[in-house]
Structures are given as C-alpha cells and as structure tokens.
Amino acid sequence: MRFGVVVFPGSNCERDCFHWVEQVAGRPALPIWHGQADLGGVDCVILPGGFSYGDYLRPGAIARLSPVMRAVQEHAAAGGLVLGICNGFQILLEAGLLPGAVLRNRSLKFECRDVFLRVEDGGTPFTRSCRPGQVIRLPIKHADGNYRTAAAGGDAPPRVLFRYCEADGRITAGANPNGAQDNIAGLANRRGNVVGLMPHPEVSAEPVLGGTDGRLLLTSALDHWKEQGEC
Amino acid sequence: MRWRARVVVTLKPGVLDPQGEATRKALNGVGFAGVEDVRVGKFLEVELEAASREAAEEMIGEMSRRLLANPVLEEFRYELGSR
Amino acid sequence: MRWRARVVVTLKPGVLDPQGEATRKALNGVGFAGVEDVRVGKFLEVELEAASREAAEEMIGEMSRRLLANPVLEEFRYELGSR
Amino acid sequence: MLGDRPWEAVGLTAEEYRRCRDLLGRDPSPVELGMFGVMWSEHCSYKSSKLHLSRLPSAGPGVLQGPGENAGVVDLGDGLALAFKIESHNHPSAIEPVQGAATGVGGILRDIITMGAYPIAILDSLRFGPIDQPRNRHLLAGVVTGVGWYGNCFGCPTVGGEVYFEPVYAGNPLVNAFCAGVVRRDEIVRGQAQGPGNPVLLAGARTGRDGIHGASLLASREFDERAEAMRPSVQVGDPFLGKLLLEACLEARATGSLVGMNDLGAAGLTSASAETAARAGTGIELNLDRVPRREPGMSAYEVMLSESQERMLLIVRPGAEQAMIDIFTRWGLEAAVIGQVTADGCIRVREGGRVLAEVPAAALTREAPAYSRPARPAARPVLDLTRIPDLTMADVGPTLRRLLGSPDLGCREWVYRQYDQLVGANTVLRPGSDAAVLRLKGRPGGIALAVDGNGRHCYLDPRTGGALAVAEAARNVTVSGARPVALTNCLNFGNPERPEIMWEFQEVIEGMAAACRALGTPVTGGNVSFYNETLGENIYPTPVVGMVGLLDDIGHATGQGFCEAGDRIVLLGETGGDLGGSAYLKICHGVVGGPPPALDLDAERKVQACCREAIRAGLVRSAHDCADGGLAVALAESALTAREGARGFTVDLAAVPVRGVLRLDGLLLGETPSRIVVTAAAAALPGLRELAARHGVAAGVLGQVTDGRLAMRRGDAIVLDEATDGLAAIWKGAIPCAMGEQG
C-alpha cells in the first residue's frame, strides 16, 4: 500500500507524517507538492497538520485552492483513502470533502495537551482495528478546533469517528478541550474513505514518545488494504 | 479602471462567536457594563483593476464566495468605490 | 437607549500585513489577476445600552482605544446607530 | 546638512562621532552615520561588555563553534552537531508584547537556520512585574501568545522555559528566547562573505520601513516616554514566511553552492553585510537599486537600517545565482542579487550609480568603541532572621498551600499549554519537568535542554547568583538524565553607565565563569541586554543560562514526577537551611534580603555526578532538584507531577542530612543548592547508598512514595498531612486565577 503526504506552504507536520508512515507501514511515503495536479498514484493521501498559508484568513481556506486539491477530490470521489490531520482536517472541511467548519477554540488559546478520545465508529478504513467504544489517548495542538456543523443545520448529521471523553470514556463538557459541538474530534464522509481529525496520531506512535495509540489509524488502513487483497 | 472594495465578512446569525463572547466579557469586566453583545467579523480592503463596475462587482462577489468567506458559517457584503 | 455600533479596526498604513499579502497572492494565483492589494482588518458589531448618543459615542471611542484596537499597530473608526 | 550635533540623531556620543571621523579620515555621509549609529550601538557593538565577556571560558572538547558566529555549535557524535543560542527581545516586547515576543522567536530561529541547522526546540525565559496588575497580565498574555504564535506556526516545538514575577520587571519585562537545531558537522554554514567576486543575495521578505533604529534606539537606551513615540518602528513577524525561508535555506545549502549565510536582524542589511565581510576579512559592494522593497520612496538610509523580518543574506558561488533564486521563488519568496564580495574590506553602498557609503567593515565591527566603564559595589539588604519567627508545625500546611498557589511557584501549564511541545516527533520529556528531553531520530541518544536564572539571588550577591544560575541549569539537565556539555547565556542588566550596574555585571560574569570551569560547561555564545532601566529603576541583574546536555541512551531520560507507590525517596546532598533570597521569604514575608544560598561548586559537581551515575545504572526512577521553594516544594512538585497511583509521599524530616541545627522554615523552604530528590525501588537502595558514599555525597532516605496524601513527620510529630487533590487544584489554579480566568 502506497502512502503520500501533501506538502503545502506552511505545513509543518509533514516530516512527522513521513516518519509515522515509515514507522508503522515500514515504507516511506511519497511527498506530494501542493502545485502538483496528480497524486503520483498513491493509495492513501495524508493532508498533514501545520499552518498552511499561515492559517491566514481561515485555517485551510487558502490551501484548499491549491492545484493538488482537485486531484484529492477525484481520488476521494473514486473511493481512494484520504486522511486529514488537524490543519489537514481543516483543509478537508474548507474543501467540502467533509461537512461542517471549525471556529477558534472556546478558550481563544492554542491548546497543546493529551486528550482521551472515544472511538464512535469502527467501520471506516481508518478505525477498523479499534473496538467501538475503545478509549485512546492522543495529543491535540491547535487554536481552531471548535467544530461546528452547518449553520442552517438542515443537512444530515456528520459521521462521527472520535469524541473527546474522560479516561473512562464518559463524554463530558470537562473533557472537551475546544468547545467542539457534541465533543466531536474527528469524522468521516458517509462512505468512510475520507477521514479528518483534530488530534495528532503521528506524534504518538512510539513508546519513546509516551504513546502508541497513534498507530491505530495506519494499522487500520493497512488491514483494510490487505482485505481488499491489493497489497 | 482601479477600484477599492470594502468586504465585510460576518458569522451567520445564530452561529456562536467565541471571540465576540470573550470580547463582551472583557468589556463588561473593565467597566463597560452597558455592552450587551459583541460579534466579531473581518473587514477586508481589496484594491483591484477591472474594466467596468460590473466586472469589478463580479470579481468581488466571486472571490468572496470562493475564498474570503466560508459559506458554511459566514456571510459577506461589500461596497465598491473607484480610486 | 439601546445602540448598535459598527467598529472597523485596520492596521496603520505602512504596518506589514502578512495576512493581506498571503490573501492577495492566493487570489492572484486562482485567476484574480486584477487584485493589486489586500489589507485585512476586524469588523465588530457592538450592542450597548447608553443614556444618550453622546454617552454611547463616548463609550465606543473609549472601548476601542482600550480594548478593540491595538494602539501600537491599529487604528479604528466607527458608526453608531440606534436599535 | 547633518546639523551641528549630527551624532545625536543616531544615538552616538560626540566622542564616538569623532572616532568614526578619524577612522574614515573625513566626515561620514548621512548613510554612513546611520550605519555607524546602529553598528556602534550597545546592542550590536557590545561596547560596554566585550572586555568582560572574554572572562567566560569558551573552549572545550565538544565545542565545534564558540562565540563570534550566529550560534554556538557542539558535537553530538557520529557526524552530527547541535547549534544553539539565546537572544533577548525585551524592549520590543514591552512596547508590543505579541509582535515583540514573536519576532524575538523568529530572530533566534534564524540564528540557528543561519548555521545550516534545522531548529528542533525553543525555550522561553520570561520576567514580568506582579500579575495582580493589569498591565503585567496584558504583557504576560501577549508575550505567551507571541511566542506560541511564531513557534507553533513555524513548526518548532517550545519545550521549556521559565517565568518569574518581580516588581523590578514591571517597567522592563524580560523576554529571552533559546533555540537549538541539528546540523551535520560537514554541513555547518558560517556567516562569512568568503571569496571576492562571489555574488551576494538578499532573500526572504521584501524590505520595508519596519524597525528602523530598533537596535540603537530601542535596545540600547534606557526606557522612557520617548520609547512610546518610537512605536511606529515596531517590527511585525510572519512565521509562515519564516518557515518557507527555512525550507528554502535548507535547499540552498543542499546545492553545495552556498558559501556563507547571515540572517538580517538588528541593524538589518548594515549588520549582515558588515559582519559577514569582517568575519571573512573581505568587503561587500551593495547595489540598493536591486533590493526588493515593500513600499515606494524608501531612502538608502532606510533600506540599510530596515529591520524587516524574515530576511537572509546569502553568499554563493559565481554562476549559482539563478539556481538559488529559483529555489526561493519556488517557495514563494523574494530573492535578488544585490551585490558581490570584494577584496578591499569595504562596505560600499551604491544607489542610482552614486556611492552613498564606503566604510571599512572593520570600522563598523572590530573598531567599534570598547569601554571599561567604572564599577562600584553596591550595598544589598541584609536579612535579620531574628525578626522572622520560625514556622510552627501547624503553619506548614497553610504555608505550603500559599506557596504552591502563588504565581511564583504555581504550575506553568497555563503558559506551555499554548505552545506546540510536540511537533518534530522528538519530545520525550515535555514541559513540566526540570529539563526538556528530545530524542535524536535514528540514534540511541538524545539531548536535554533547560533555561535558568534567579534574578533575586543575583541581586543579593551577583557573583554567587551568577554561579547559581549555571549550577541550577546544569542540575536541571543532570536530573533529567543528561551530561551538561555547554551553555549559551543572555545577560539582562540595567544601565551600564551606572557604576553599580557595571559592578553587578562583572561579578555575575566572575561567578558564571567559576561555575563553568568547575562543571566543565564552556560558554559558546549568548547575548547582552543592557539598559533594562525605566524611569531610574533597574531590573535585578538577570543572567539567563541556556544549558545543553547529552544523553548517550534516550532510555536514561528521567522525569521529576514520582513513578510508583512504595518507591523510596532519597535526598542527595546536605541541607544548609539557606533562607536568604528564598521564594518563601518573598512570598510569605515580603522580604528580599540576606545572602543567597551559598554554593560549594565541588559539592555541586559531586551530587550531579552521583545523580547521573545513579540514573545510568538504572538505580533511580525519578529525580528532581531542590530550587525555588526548597525541599518541601520539590517534594510536592514530584507528587503533583507523578504518575497515577504515585501522587503522594510520606517522609520523616529527621532523615534529612543537615549542616548544623536548622530552623523548620530553613529545613523545609531554604534554597540550599546541590540537592536532588530521587526515588528508587526498595531493592535499589543499597546500590544507591553505596554510590552516594563513593561520590562523597550525603544521602538521606526520607521515606516513600504513596498515593493521595502529602505527609511529613519529624520523629513522631506530624508536620504536614494534606490531600494531594486539594494542593493540586491550588497549584494548577495559581496562574489561571491570577489571570482572572477561573475561580
């Protein structure tokens, strides 16, 4: 299975994503430049965290206009796997690949700390090796993670994958680090092939860094791929 | 011709506004008790070159929809003047 | 009486505006070649209670100086309307 | 045309003006005078400090680059090296906290990038006035926002730092930023304009009117109303552009055609060209018509002095120009050939065909004035302990609560939560322990980093205080499992034209030098910030030490928090009960006086060697030094930052190794240095005892790790019995409450 990581101007977790893929999948990921019109034939494209275009205007607003995003759209439409982490998630929201939008954190501050997440849906390629209801620990580091569904409301609720929770899995206001609606930390499109989340699995996938739950998203993707028998 | 557009981007009514809320609290906190509500938006000044007013209006509307405002939570309005 | 003030906060002329600059480049990049300059500021809608227009004006000016605008880098202007 | 007192406009004295006229053999042109003004400013010329700085030891086995370049460099082994440096941005932060702090971080990052290194860690050392005053809260909030904004957006983790609150910093907050970066030994870049004929490029952001005279007027003068009027000269940072600049510079280096590189900071193009030329013994000819500008109508004077951020000067091989320009363009940055290296040693500035300046690079740098300013010892408040009643056992609980709930000793999480501590995927020990520890990918080892400097101690006895700063920084690195190897320092002082300030400066340097020699940690560089004086009030002499330590095995990384109930708690080192200058006297009695804790460098060396060996031998599970708040606060911190199930202790104070008979307050809250609280599994005790004996270090087994309560006895009298949760709430709430963010 081939992974690619898109590099936007101002991305700053792309190196961490390369390292993560290398650690977990055992092979290097392909760098994909924001100006590229194609994804170089990767099976899973990762939009990394950081501050693409400085988060100027709105996080992800400028990045989603990059040439590479058309290729990402087509990849997603064709059922290809897409994972957006933090700023990558924000870009997917701005691009309309995932529903909703984010506002500034309730605290109006950048928040960097570990959070507990309850896995709400083990049915996507990125969560299948988690038990539904399983509680995992990952770090967050963002200033704009206050997730909101569309103002009008009307449209169907998002397919929620992760919610901020207490260590024991209870969903409480106290466990919500940014004010996100319904403690939503990550979601998928209906089909499940496009996933975005605010927490950072890529810096929590090695014992030496104090956590390994970050491996789950990639091991899930790898299992999914094996099952498709296309490895 | 050269134009200057003033674009105001605001959150749609009903969308919660953490910044506005914090600003109101801060204002009440330093003695502006009379402040009941604050909403924070963006104000953009765009200088552009366009053949006609229509062309300029066209451009501004287009760029506001595509970039300056997020259709999910925000709305925009603008004024156009010549320079 | 209840008033609504619209406060516009902008960077002083000459102060670097990285955000405006990035926005201009982005707009040029997606085909809005005519865009020559973008400056990004804040737009605040403040609803307040004040005895008279003078009192309201007084309050708005005061809070803009103290909180809404950063006197080092920004300047502000406002309009006042009754609700 | 320059008026009859031309020197005043650029912050020089009549004497200094005469000196530059002698060096030129004529009157300086307006542009030349501006160049002298900034280059001979205190900030750029170190004219009041350079004669004394030479007293600091700067050589050592692992040192690959000492003072004189943009950053120091130490050897990490196997062809890898670490570049690191600390810088102040005090006055800009006082004027505009967010941008001042942000551009301070941007500046130190560029110093590291300039060495060809990839930045992997930032630490910030901050000083403010008491935060019960709104202005100080505003400054703290703004500075933390600025540090976070730049570091987070740039993508370099902020992994540690310190925050102090003292009235003396109300008018002069201190914002010191430390950065470290990794570089392959054979890829280290120097800030040297080698090779006459080599093209000189200016890359990064366009040049605007920002920060004109920042160096000479803001950073090199005492601070008063006039500074308010200089506000328009505040620079604005762009971390987004800063990150692009990093990527482009790394690519430029990789081409092999990069000869030298220097960031544009204080004194902008003037300093970058003069410094690179002077270091290489060459000259540079600049054609200002080629400088990419942000605004029309800028004069040559403004272009030469602009402090616009995110710019780099590159010296490249002939023929490589276009390749370089292409790299920067690809990253969306400006780059232009603005001149070339010459052999005549002159900085020559042309515009519109005219030569506007022609100054020997040496005249702007090496030949700058050097003053041995008069120094006079100053009396310091004495401490009369007879006027301060000792603590009764009943006082201990309430006192500990008061200390842990004070902004001085409260948890710093409110600050470091606003920083990305993790980007880079190297952070092994995050903020919240004595030092930060980072792994080095693909290697067994890692590095430890800490910044320390207790201004109160330095005020009470500058020489001892200077030594204590080095000792504490080394200790913080040691207890984290590393071997301290070298340091950088930021010397924050008042007005050097005052003899007592010069005395403080010289004493601090003597103290630091002695500690550096004793602990084997040379000084590879740093920064001096004078004129931290507002309306006659000077700050405490505040040397901030940024210490680098190495771990051979990342598995040795050791935190300050207790690990497991049942582990034995051992105190290494003797307690002298030194109350002078303690946090306790300041917070609970409003007293800042007496001699600071005495430092025995030999004892310090021994206790650190012992702790390191114990960690390497796998004998200890946690280690935390006793600093502000002494033994009681150290024990409490280890419990408050412990793993689940180990959040408590029970100790017997009778087991504390003491020097003489001590008061209870001195025993619990005195700040005797050279003490380390370690925990060890019961089975490891004999080994630990034996090790301590071999190192000649006193070791007292105080008790053991428990969960839920902090309990102290003295013999069979109860001294303390507090629920951990209650204290945790007070400790964690200290800064949020002071900031008015929660009840």
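Each chain gets a letter, A, B, C and D, in the order it is written, and its residues are counted from 1.
Basically, a contact is a pair of C-beta atoms (placed from the backbone, for glycine too) under 8 Å apart; a residue touches a chain by one contact, two chains touch by 3 or more.
The model shown is predicted, which means the values in this text are computed figures rather than measured ones.
Undergrad: Per the definition at the top, count C-beta pairs in contact and tell me whether C-D or A-B has more.
TA: It is A-B, judged by the count of C-beta pairs in contact.
Undergrad: So, what's the distance in Å between the C-alpha centres of chain D and chain A?
TA: 35
Undergrad: Taking each chain's centre as its mean C-alpha position, how far apart are chain A and chain B in Å?
TA: 29
Undergrad: For chain B versus chain D, what separation do you get between their C-alpha means, in angstrom?
TA: Roughly 41 Å separates the two chain centres.
Undergrad: When you check chain D against every other chain, which residues touch at least two of them?
TA: In chain D, residues 238, 240-241, 332 touch at least two other chains, as defined above.
Undergrad: Give the residues of chain A touching no fewer than two other chains, as numbers and ranges.
TA: 53-54, 56-57, 62, 65
Undergrad: Spell out, as numbers or ranges, the residues of chain C touching 2 or more other chains.
TA: Residues 18, 22-23, 26, 30, 40 of chain C touch two or more partner chains.
Undergrad: Which pairs of chains touch each other?
TA: A-B, A-C, A-D, B-C, C-D
Undergrad: Along chain D, where are the residues that touch chain A in the complex?
TA: That would be residues 145, 148-149, 152-155, 238-241, 243-244, 331-332, 416-425, 427-428, 439, 441, 554 of chain D.
Undergrad: State the interface residues of chain B toward chain A in the complex, per the touch definition above.
TA: Against chain A, the touching part of chain B is residues 12, 14-19, 22, 42, 66-68, 70, 72-73.
Undergrad: For the complex, which residues does chain D have touching chain C?
TA: Residue list for chain D touching chain C: 95-96, 99, 208-210, 231-232, 234-238, 240-241, 294-295, 308, 332.
Undergrad: For chain A, which residues count as touching chain B in their complex?
TA: 57-58, 61-62, 65, 93-94, 100-101, 103-106, 108, 146, 148, 150-151, 179
Undergrad: Residues of chain A touching chain D in their complex?
TA: 9-10, 12-13, 15-16, 19-20, 49-51, 53-56, 109-113, 139, 141, 143, 200, 202-203, 206, 208-210
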